[in-house]
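Shared between the two complexes below is chain A, which pairs with chain B and chain C, respectively.
This part shows the complex of A and B:
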C-alpha cells in the first residue's frame, strides 16, 4: 500500500474518533482466489499471499479505535465453516474476482445464501469488484447486475471496484463501510 | 540506552582486545575462530560476524565482492574453486598468515566462505523462483504439475487438465494454477521434490490429509509451508540448519530438504494437536513455527528427516 493510502485509512479512523473504544468487526468472504487475503494484507502493507487454509485476522488500531478484519478461506471445502464467523459482524465485505466470469454465477449463489442468513440480517454489505487491472475484467456495474444487488432491499449495500494488489480502491470501500456504521 | 552504551564500548575496545589476543596467541581472530569453534553453524556464524565487523579495507572489499557474486548467483561448480581461492588468499595476505605453518586454516576458512555465501546465493535463487508465477502457457510448468499428480496418485489417471480431482490432493478448485499465488513456481517445485524424493513419506502425509476428522488440504498446506520455509530462510533463522547440514555449497536442494522436513513434522504436529477442524490451521501453524524457531536458536541444531518411514 502506498503511504498516501495508509494516511487515507488513518484519516478515516480519525474521523471516527467520536466513537472511542469502539471495535468494528469486518467479515471478508468470497470464493477462493477472489483476493480477500490481498485486501487484508494491503491494510498492513504486506504483499505476499498464499491460499488461506482456515482464516487470517488483522486489527488496525488507531487511538482507541479498532478495526478487526476477519478473512476466511474461500475454498469450497471451507465454505461450510463461514457461518461460525457470522456473529456480531458489523460489515460484510464480499470480494469478487471480476476477471473470473466463469464463476460469476457460483459467487452470486454463495452471496444470496449469505444474505438469507439470520445472523447477518441487516448487516451492511460492501462488494469489492476486484482485479480491475486484468484485461478481461468486467466492470463493477456488470458485477452488480450479475449478483442482483439492485434487488437487495433489507440492508445498505455498495459496490466498489478495486485493484487490491496495488491497494487501489480498498480505502474508498472502507470509507463507505465506516460511514455506514457511524450512521447506525 | 544501555545497549547503545555497550555498542559504543565494544566499538572502542574490540580492536584493543583483538590486538591483545593477537599478540598473546600469535593468531588473528579468524584463526582463533577456525581452530576454536566447532565446525558447521557455530564456526560459520563467528566467521560471518568477524568479516562483517572488520574495518580492514581489504577484508571489506572482499566481503563486498563476495556479496556481489552471490547476489548475481555467480557461485557455480565451475567458478567456486577460484572464488574460494581468491578469498583465502586475500585473508592470508592481509592477516600475514603463513599457509605452510597453518595448513588447516585455509581449508577451514574456505569451507565457512562456501557456507556463508552459498546461503546468501540460495536466498536469491529461492526469491527468483518465488517471483516466477505459475503459467499455463509454459509447458515446463504444466509438465511439473502433471508430474506432481502422477507421483502422488500413480493409480488414478487425471480425467482432464481442469478437473475436480485436483481437490483430492488438496488444491482449492478445479485448476491448481491460481493456488500457487505468492509462492509461484517455488511452491510447485517444493511439492514435486517432496513427492519425488520421499514418495512413501509424501503418500503417508497425503493419507493423513484425507483423515475424516483431522484432514486438511495437502497442497494448500504445502504451499503455506513453502511460505514458512522461505520466511525462515530470509530472516536467517534457517542458517543453523543449512550450515550444519551442508557438506558442500548449499543449493536449492538444501532448501527442498528443509521443506520436506517441515512438511513431515508439521503433519505429525497437526495430528497430535487434535484440531476440531481445519479452521485451526493458522494457530497450529504459528505454534509449529515457534517450536521450529526455538530449535533453530540452538547452534548445534540439524534437522534430520526421519527416513524410517520411507523404508516401510
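This part shows the complex of A and C:
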C-alpha cells in the first residue's frame, strides 16, 4: 500500500470526480478519539497525529484498487457535518473505541442514525473494533451485539477487531471492503 | 465636452479622464502598461494630449504632475517586510477559498476597501473586515460545502457563492441577505463568477457544464399552483454551455462580458459566446487535466496550466497556441499573469515556482527554489516586482520576480497553506490554511 496524494483544493476536486472502475471512495466515521485518523495513517504508512479538526483525505493502493479515504473528525460539534460527505460513498467504515465502555451507547446511537441516511442506503458497512490492546476492551463479538449489527438486513456488514496504533487488523478489514466491492 | 478631472489607476498603470458630455459624466480609461522608471513623463503627457483633444494646454502641468505620481507608485521597488497583523479564526471546518475586494473607484484614485470572503466546509461563507479583523457577516443557507466565493468587483455590493449542494447563491454584501439561488446543476458547483456588467453570473460544475444566470431579482409571480420552498427567489437560467467531457474547474469572463473561457479536467480550454451560448473554440494541446486557465489583463492572451507538467500560452483572438512552457518536473498547479501582461508565473508539485517572459520569446526568467513541498497557489504583487507563493510546507514565501531570490518566508500556519493574495495596493497579504485560520500580514 502506498500513499499517493495529499490535501489541496485541486486534490479535493479530483477526488469529487465520477470514479473510474478501479477507484473507490471510503468514508471513515466514528466518535472522537475512536482512532479514525490512526487507521488512515496506518493505511498510508504515516506517523500518528493529534485530534482531527476538520478532515483528512488520503489515497492508498490496495488489492488493485485506488482507495480515496475521507476521514472526518468525530467531535460532537463536527458530527452534523458528516452528511456533507455522504454522496458517492462505496464503503462506510465505522470505528469504535472498544475500551471506551461509557460511550458505547453514544456510538451505537450515531451509527444507527447513519444507517438511516438515504444517501448511505445499501452501502456496505465495515466496523473496526479498535484498541483491542487495552486491558478493559470488550471483544468484537460483544460490540457487534451491542451495536445490533446482526439485525442489519439491507446491506453487507463486517466487524474487524484491530489495534490501529500497531497496524494490526487494519489491512484485513480493508481486504473485506475490497472483496465486497468486487461482488458489486 | 469638458474635462472634469484625471483619475489614477495604479495597477496596472492607467489614467482615466472624467468628463461631461451632454450633461452626463463619463470616464475614458487610458492604459499605460509600459510606464516605467525610464519613461519621460513630459513626452508621455504630450502624446496623450495629441491623442485626446479634450486635453488642453492649460491642464498639461496637472497631467504631468498626475503621471509623475503614478510613475512613483508603480516604480517603487522597495521591498517591504510583512508581519503577522491579525489571525482570523474563521470556521469550524477548513476554509476552501478566499476572495478580496478590489478596484473601488472613489473620487480621486481607484483604491481598495478591505473586505475578504472565506468559504468553508462548514457550509457558510464569512465576510471579514481585514482592517479590524472583525467578522461582518456569516452567509448561511447552503446545504453543503461552500467552495467558490467572489465579489462583483468593482462595486462589490454583491457576493456569489458556489456550493457542493449543486447551487450558487447571490448575497447582498451590505446586509448579508440571500438575494437569489441558482438551481440547475447536476453536481457540485466549484466556480462562480459575476459578469463584468454584473447583471449575470456564470457557474462551472463537476457535471461538466457551465451555466449563465440572470441575477435580476424581480418579484416572483405566485399563483395558486406555485409553492416556493425558499424565502429567496430563484435566479433565471439563461443558458447552458455544453461541450466539455469532464469536470469544469476554472471559468472567467473577458472584459466585455461577451466571452467566457472555461478550463476542464478534460484537458481543454473552451471559449464560449455568452450571447448565443455556443462554443466558439476549443484549445487543444494539453495531454492531461487542466489545473487552471486565465486571461491576461487586456484579454489578448489566455494561459493554461496542466497536470501534464506544462503551461501553455494562447492567442485569444487567433485561438492558437503561442508557446508551451516546459521546465517543471511535475504537475503545474496554478499560474498567474502580472498586471502588465508581460510575464507569467507558474507553480508546481515539483516545489518550485517559475516566471516566464510572455512578451517576446517565452523564456524562463526566474526560478524560485526553497519550498519543501508542493506549491499550490501563486500571484504577483500589484506592481509586479514580487511573487507570492503558498505551499503545503505551511509557509507562504515572497520572492523577487526578477531574479528568484527569496525576500521573506511568512511562517505561522500550522497546516497546509493553500491560498494567498495581495490587497490591491500591496499593503497587505492574506493567507488561508487548512489549520482553519486566515492570517493578514502587513
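In the analysis below, the second predicted complex is superposed on the first by the 158 of 184 C-alpha atoms of A that agree within 3 Å, B and C clash if a C-alpha of one lies under 4 Å from a C-alpha of the other, contacts with A are read in each partner's own complex, and residues count from 1 in each chain.
Please note the rule applied: a residue touches a chain if its C-beta (ideal position, glycine included) is under 8 Å from a C-beta of that chain, and two chains touch if they have at least 3 such contacts.
Bear in mind that the values here come from a model prediction, so they are computed numbers and not experimental data.
Looking at the shared chain after the overlay, A:9 reaches chain C, while chain B stays out of its contact range.
In the superposition on chain A, A:33 makes contact with chain B only, while chain C stays out of contact range. Once chain A of one complex is fitted onto chain A of the other, the partner contacts of A:151 are absent, as it touches neither chain B nor chain C.
Using the contact criterion defined above for the overlaid structures, shared-chain residue A:76 touches chain B, although it does not reach chain C. By the document's definition of touching, both partners, chain B and chain C, reach A:54.
When the two structures are aligned on the shared chain, A:84 is found in touch with chain B and with chain C.
In the superposition on chain A, chain A positions 53-55, 77-78, 81, 84 are in contact with chain B in one complex as well as with chain C in the other.
Of all residues in chain A, those touching chain C in their complex are 6-10, 12-14, 16-18, 53-55, 77-78, 81, 84.
Residue ranges of chain B in contact with chain A, taken from their complex: 167, 172-173, 178-179, 181-183, 187, 216-217, 220-221, 223-224, 226-227, 277-282. Interface residues of chain A, counted against chain B in their complex, comprise 32-33, 47-51, 53-56, 74-78, 81, 84. By the touch criterion stated above, chain C contacts chain A in their complex at residues 92-94, 96-97, 121-123, 144-145, 164, 187-188, 190, 206, 246-247, 249, 265, 289, 291, 333, 373-374, 376, 392, 416, 418-419, 434-436.
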